[in-house]
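Below: a set of structures, written as structure tokens.
One chain, subunit A, appears in both complexes that follow, with subunit B as partner in the first and subunit C in the second.
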Partner chain A sequence: MADTKLVGQNYVTPDLLAKVTGRAKYAEDFRAEGMLFAKLLLSPIPHGRVRSVDTSAAEAMPGVRAILRASELPAPADTVTDLGETIRANPKAERALTDEPVYAGEAILAVAAVDEETAAAAIEAIRVDFEPLPFVVDPLTALRPDGPNPRAEGNVWGRPAAAPGTPPGPLEIQELKWSDADFAESEQGKLPMGKPQVEWSYGDLDAGFRNAALVLDETFYVSNNQHHVLEPRSALAYWQNGKLYMHSGTQSAVQTVASIARWLRLDQKDVVLITEYTGGGFGSRATGSVQCMIPALLSKKANAPVLMRITREEENYIGGIRPAVHGRVKAGFAKDGRLLALDLYTIGENSAYEAQGDAASGGRFVSLLYQPEAMRSRAITVLTNTPPRRAQSQPGGLQAIMIVEPVIAKAARQLGIDQVEMRRINAPVGKAKLGPANAQGQRGYATSAFVREALDRGKEIFGWDARKARSGQRVGSKVRGVGVAVSTFVAGSTGFDGLLVIKPDGKLYVQSGVGNLGTESVFDVHRVAAEMIGVPWEKVAIAWGDTSQHLPWTCVSGGSQTTHAMTRAAHAAASDAIAKAKEIAARALGGGPEAYRVAGERVSGPGGSLTLAQVAERAIQMGGKYDGHELPEDINKFTATSAQALAGQGLMGVARDTYPRDGTSFSFVAGFAEVEVDVETGQYHLVDYTAVGDSGTIVHPRAYGGQVLGRSILGMSHTLALKTVYDQHYGLSLTQRMYQSRPPTILDVPRNMKWDAVNIPDPETPVGARGIGEPPVAAGACAILNALSDALGDDIYRRAPVTLDSILMALEHGRPMQDPLTAHI
Partner chain B sequence: MAIVHDVIPPFQLFQPASVDEALDLLDARGQEAWVLAGGMDSFDWLKDRTKRTSVVVELGQVAELQGIRENAGGLEIGAMTTLTDVAEHAGIRERFSLLAEAAGLVASPQIRNQGTLGGNVSQDARCWYYRRGWHCYRAGGNICYADTPTAVNREHAILGADRCVAVNPSDTAPALIALDAQMVIRRKGAERVVQATDYFRGPDIDITRMTVLEPGELLTAIRIPATWAGARFYFEKVRDRQVWDFPLVNVASALKADGGRIADARIAVGAVAARPLRLQAVERAIAGRPMNDETAAMAGEMAIQGAVPLRHNAYKVPLLRNLVRRAVRGGPPGATT
Partner chain C sequence: MSQKAVSRRNFIKGVIAGGVAVSSAAYLFRSSPLLSGQAARTGGVERLLALTVNGQTRRVDVAPQETLASTLRYKLGLTGTKLGCDRAECGACTVLVDDVPRYACSVLTHAVRTKRIQTIEGLAAADGTLHPVQQGVVDEQGFQCAFCMSGFIMATVGYLKKHPNPTREELAHGVSGNLCRCQDYDKILTALHRGAELSRGVARG
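So, the complex of A and B:
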């Protein structure tokens, strides 16, 4: 889009004032008449079975209104896809309550009472008799020949062997153990590599290593971490006229309705979700949280609205965790720095519930990012008795890039190649390929990649050469180092719907089904429609955050897909409205529709012009497709229902995104960091940071910069201090408070961090824009890792976070002193 | 009984308007009374329902417990004075900058606005097993969960452990010890004054308490004598984050020089033992020696004598050594937040 007035410009989003003044209402800010409060009883042990529960004392307490047990939950429902395909419910999946807890902190039952004090006292009055069962919290322990299993059936997800020609059976839990021989290398701190679950490769790996001038073999552990969303998973539920009204945060206003309906076995039309504001998601609440059914069921039982406020401790459990990944890399480099061969092995930890695919998916991103000439990726995901694993910004990509980036940096140092140049040499360009070949022998590829441009821009802004010149110099006890890192992640989906109405008041009414989790894409994407139709932003009204407001089928705001997917949908809906407006004008004023143009709130052509308001009036008079009484056949039924409700109010633009796309959309970030380390204490701080994105056209610069730097900080946290800690003997978490798990504060990062973007449109999408939420994460994490090794040398760390104790001990002993294999320390 | 956290159980709240009223209440309610200053430690316990009380005596209304006054050439700081006020007080910054610096490095700006000096020196241990409500020695049980083969004890003690390996997490305590501060303790009808270094208790004396305060007693003020005014001070706190973190190790020193030699010294360290430690042997050894790198190195080596690291905290040994070395050698001031 050229010569834009809205796209690419900053503006004040409709929710901003409410957010900064505290007027914005999140789920737990609502109150309903006669409302009760719910509290949860959590499992004190990591694995067990409830033998008996005595609730008599609690039930006798004044003010206690209802107690909900796991046995009262509806059985998990199957999922029916848009294509009519039925996906059978996994009987071993996470549920809202359980009588067989598989992690300490899992909810066993819930109490609704007149206030939280009463509910808490009631919980304390309940006696639960648990039968303790074997447990394990470390994935490597679970893989040992004699290691305990996290569930009776085993320690991994798998499918039963199927006869040739028959489809594989449903997922089940199986036992997979490695041999003592597999673990032999672990004594030397090298990751054992037994039988994997997933393996793919391309190219001639052996030849790559044979021809390499340098071969490195490195083990590295990326710690897990909680999402630490500001707004915990609180939910308020009540029933009116047979409909469930649910107030809850989510990453998708529209797609969460289906989740809630499935969990509670309701018809989707009987669910109204109010979710104007969501205090952070980061992938952990893509379509809501299964625990929101607890207040819904308690509300039914007690015949009163029920608010379940989730505490920080509970959030640490049900909010889920980004999986830690153990990694081992063998990499072969040519003398000129080209990556010839890459052999990646990753072990992903998981809860005892649904598998999070981080370990298995990481290899694809690495193959795109460094374009190794030959590559093999092997991975296994192991179940443990720890809280649910959920997607967290750049899932899989972050861990794999953190495992590989330090190896790239080490190779550059050993080969005497500048770190920026090293990444330029191996950078993806244009429709760069990734991953293994498909059944037809074809490898997938990106829609576009301008990583070299991002590196060049960042190098200049950051002042790489000048900073590099002073790195490694010691002043007193302080030494500085600089690091650069590249990163990538998927950045766009297709096929969603746009829905808007131009009404006789001349205003543009846009329906936004995007979740409002802080990225502003809930509004940003609709700037495209306003731009195309030529309506000033002041005359655009956006409905969002309430599914009774007739919203269109919309992507989940996960995987950085929204900006790409929903600018396309907005483009499609605006194009539909423009075409209809031209037809209306041509019919009214004479001539062919193609002779008319839409601009300046008018539709003008050879026969004169009409205002948009007049066009809207005529659309209502004409009916049919013009005012939404006839709808396109390819739109989602969710959109169709909403469009039917809005029909007859003006000129309707409604369409599905059917634009072609050649390739898969990925975005890229280059990050640059300078650190200063005190070698007498190991303490270090980030002196400066710059990140440059390659994600196509920028729709909203201020929001974009917020994403680039905000998500970089999330990445930095992985290197600086953030982690979870478990006592493996008891299987219990020790990092339940933020001062213990240590997310970074704003004072941990430089005040003047800079961001920029190459801002080159993606050729495979009409607006040119892709998402940016995720690739900054690994850039932030790895730029610091690499800056540390630049300052101190290669033999400092073997796991992240790299806290001062590991630096000080490595400097004292002249070799890395970290244990790279033990989880949760 | 099932465990539930994050809901403060009901209690009777008293908000006395004077120290005498407060002491009357503590006298009448004795063991059951919980003294609440800024709440930064108390609310954690009460919210988690791990420690309970039926009576809370909240001191926020007692004007005489607040403020900083001249006292016999030194200063007297009311126990309820906020850490922010201590850090920003002109007289403290001018004469006892050691304390201002230590107070300014506690936790975060928000916590310093709420937390008090009296609370900071009287706070409980932050061992994450103990804080989670595990029934350990310090909680009256018969095991230390932080000192087992699988325990994660990166933040625990390397010195003076006796069954319990928790550390005292106060930042101001080492500074007060280095300044020869005195703690004014009152109970109904009586007052006693103890040296700061004697205010803190190790597990060998009392494994369930961090200080000498007895039920019925109240820390009302902290006196800083003129002794060390304007001396050469050094304070450093090492922590994982730039803000909102307890010390992994901290050090405070006050040195008086006499023509290039150390005339007299105070050195105290925190977060290495269950109480802040005054390093008297080091002080004696460096007295009279030249103020140079050699003396500093000797002080560092002496400081770690007898250190016994646990599985995950061996780094505290070189860290303590290097910090004490710096405290003697002097150096650029640490960052503040």
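So, the complex of A and C:
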């Protein structure tokens, strides 16, 4: 899109005034007449079975209105996908309440009472008799020949062996143990590599290592961490005329309706979700949270609205955790720095519930990012008795890149190659290939990649050469180091719908199904439609955050999809509206539709011109497709229902994104960091940081900058401080609160960070824009890791976060003293 | 505990200690059945307070152990003050008490009964004109999910009362008791610093 007035410009988003005045209502801010409060009873043990529950004392308390047990939850329902495919329900999947807790802190039952004090007192008065069961919190322990299993059936997810020609059976929990021989290498601190669950490769790995001038073999551990969304997953629910009204934060206003309907076994039309504002998601509430069914069921039981206010402690249990990943890399480099062979093994930890695919997916990103000539990726995901693992910004990509980036940095140092140059040499270019070949022997590829341009821009802005010149120099007890890192993640999906109406008041009414997480994509993407139709932004009204407002089928705001997916959908809907407007004008004024153009709030051509307001009136008179009484057949049924409700109000633009795309969309970030380390105390701080994105066209610069630097800091937290710790002997959390697992504060990061973007349009999407939420994460994490080794030399760390005590120990002993094989330390 | 536990003698004792002979019953919003009568039994804590919030006197029934955040959010309908952690770790609930930023989750309402309390809802002028710090946030599109925003803005307003001309560095220290999990610190600092300039009447340029 050339010569844009809206796309690429800053503006005041429609939600900002409500936010700065405190009027913006998050789930917990709503009140309903006669509202009750819910409290949860949490499991005190990491694995057990409820033998009996005595609620008599609680029930006798004045003000207690309802108690909900796990046995009262509807049985898990099958999922019917958007394409009509049925995915069978997993009977072992996470539920809102359970009588067989598989982690400490899991919710057992819930009480609704007239206020929180009464509900909490009732919880205290309930007696639960638990039968303790064996448990394990460390994935390697669970893989040991004699290691305990986190569930009675085993320690990994798998499918039963199927006869040839028959489809594989449903997922089940199986036992997978490695032998003592498999663990032999762990004695030397190297990651054991027994039988994996997933394995793929391409190229000639052996030849790559044979031809290599340098071969490195490194073991590294990336800790897990809580999402720490600042708004806990509280929810308010009530029923009116058989419909459920749910107030809850989510990353998708539209797709969460299907989740709630499935959890509660309701028809989707009987669910209304109000979610105008969500206080952070980061992957942990992609389509809402299963726990929101608790207030819904309590509300039904007590016949009153129920607010379940989730505390920070509860959030840290049920809110989810990014999986830790153990990694081992064998990498072979040519003399000129070219990566010839990469052999990656990853062990991902998991809860005892659904597998989070971080360990298995990481290899693909690495193969794209460094373009190794030959690569093998092996992975296994092991269940433990710890809280549910959920996607967190750049899932899988972050951990794999954190495992490989320090190896790239070490190789550059040993080969005498500049760190920026090392990444330029191995950078993906254009339609760069990734992952293994498919059944037809073809490897997938990216839509575009301009990583070298991002590196060059960042090098200049950061002042790499000047900072590099002073790195390693010791001043008193302080020494500085510089680090650069590259990162990538998927950045866009396709096939969603756009829906808008130009009404006789001349305004453009846009329906936005995007969740409002503050990335502003909920509004930003619709600037495209306003731009194309030529309506000034002041005359655009956006409906969002309430599914009773007739929203179109929309992607989940996760995996950096939205900017790409929904600018395409907006483009499709605007194109549809423009085509219809031209037809209306041609019919009214004469000539062919192609002779008319839409600009400046008018449709003009050989026969004169009409205002958009006049076109809207005529659309209503003409009916049919023009005002939404006839709809395209390829739109999603969710969109069709919404469009039917809006029909007859003006000129409707409604369309599915069917634009072609050659390749898979990925975005890239290059991050640059300078650190200063006090070698006498081990304390270090980040002196400066710069990040440059390659994600196509920039739609909203300020929001973009917020993503690039904000997500970089989330990544930095993995190097600086964040981790969860589970006691190995009792299976209890030692990091329940923010002061034990603290996200970075404003003083932990430099006060003048810089960001920029390559801003080259993606050739495979009409607006040219891709997402940017995820790739800054690993760039931030790894730029610091690499700056630390630049300052202190190789062999300082073998796990992240890198704490001051681990630096002191490494300096004293001349080698890394951290244990990379034990989780939760 | 039930209503029956309130003896006439204890009730009178409480009222005498509190010094105000007004029944709190008529003001009960959502007093717990478990706690009703507690004022009397604890014999000294009057439950009916007249709080000064955003320049108005608000009469409200407050339990002895009730936090200011709870009173603001559940009794006075001022939900702009957010609860992120409820334990003084995140700063989302920051309000001004006699112009000083305080974590409302960790202040007992009874402790501020004689003080001036200001929340995010009380910052803009009656005609809707935004406070300069709010305007700075609007100008720079500060913050993302904004759950932390009220706390950051109140902390900034409080800090600027004593440090009207802070550097970027100084202002960062001024709001370092507030946590943003979107980690949008760079843009937040730009927005709040713009707010500081606007507070001093510095024009854009």
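The rule is simple: the second predicted complex is superposed on the first by the 825 of 825 C-alpha atoms of A that agree within 3 Å, B and C clash if a C-alpha of one lies under 4 Å from a C-alpha of the other, contacts with A are read in each partner's own complex, and residues count from 1 in each chain.
Quick note on the criterion: a residue touches a chain if its C-beta (ideal position, glycine included) is under 8 Å from a C-beta of that chain, and two chains touch if they have at least 3 such contacts.
Owing to the predicted nature of the structure, the values given are computational and were not obtained by experimental measurement.
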item	value
Partner chain(s) touched by A:Thr745 [first = subunit B, second = subunit C, both, neither]	both
Touching partner for A:Leu709 - first (subunit B), second (subunit C), both, neither	second
Partner chain(s) touched by A:Thr21 [first = subunit B, second = subunit C, both, neither]	second
Subunit B versus subunit C as contact partner of A:His729, first or second or both or neither	first
First, second, both or neither for A:Leu631, with subunit B first and subunit C second	neither
Partner chain in contact with A:Thr311 - subunit B first, subunit C second, else both or neither	both
First, second, both or neither for A:Glu124, with subunit B first and subunit C second	first
Which of subunit B and subunit C A:Ala579 touches, first, second, both or neither	neither
Which superposed partner A:Leu214 touches (first subunit B, second subunit C, both, neither)	neither
Subunit B/subunit C common contact set on subunit A	117, 121, 311-312, 737, 739, 742, 744-745, 747
Subunit A contact footprint on subunit C (complex, rising order)	2, 30-35, 63, 73, 77-87, 89-90, 92, 119-121, 123-124, 130, 134, 137-138, 140-141, 143-150, 153, 168-169, 172-173, 175-176, 178-189
Subunit A residues within the subunit B interface of the complex	39-42, 44, 116-117, 119-121, 123-128, 311-314, 476-477, 680-683, 685, 720-721, 725-730, 732, 734-737, 739-740, 742, 744-745, 747-748, 803-806, 808-809, 812, 824-825
Contacting residues of subunit B [partner subunit A, same complex]	1-7, 9-10, 44, 49, 108, 128-129, 131-132, 145, 148-152, 154, 236, 238-246, 248, 312-316, 318-319, 322-323, 325-326, 331-332, 335, 337
Contact footprint of subunit C on subunit A as seen in their complex	10, 12-13, 16-17, 19-26, 28-29, 31, 61-63, 114-115, 117-118, 121, 227-232, 277-280, 282, 309, 311-312, 517-520, 702-703, 705-706, 709-714, 717, 737-739, 742-747, 749, 751-753, 755
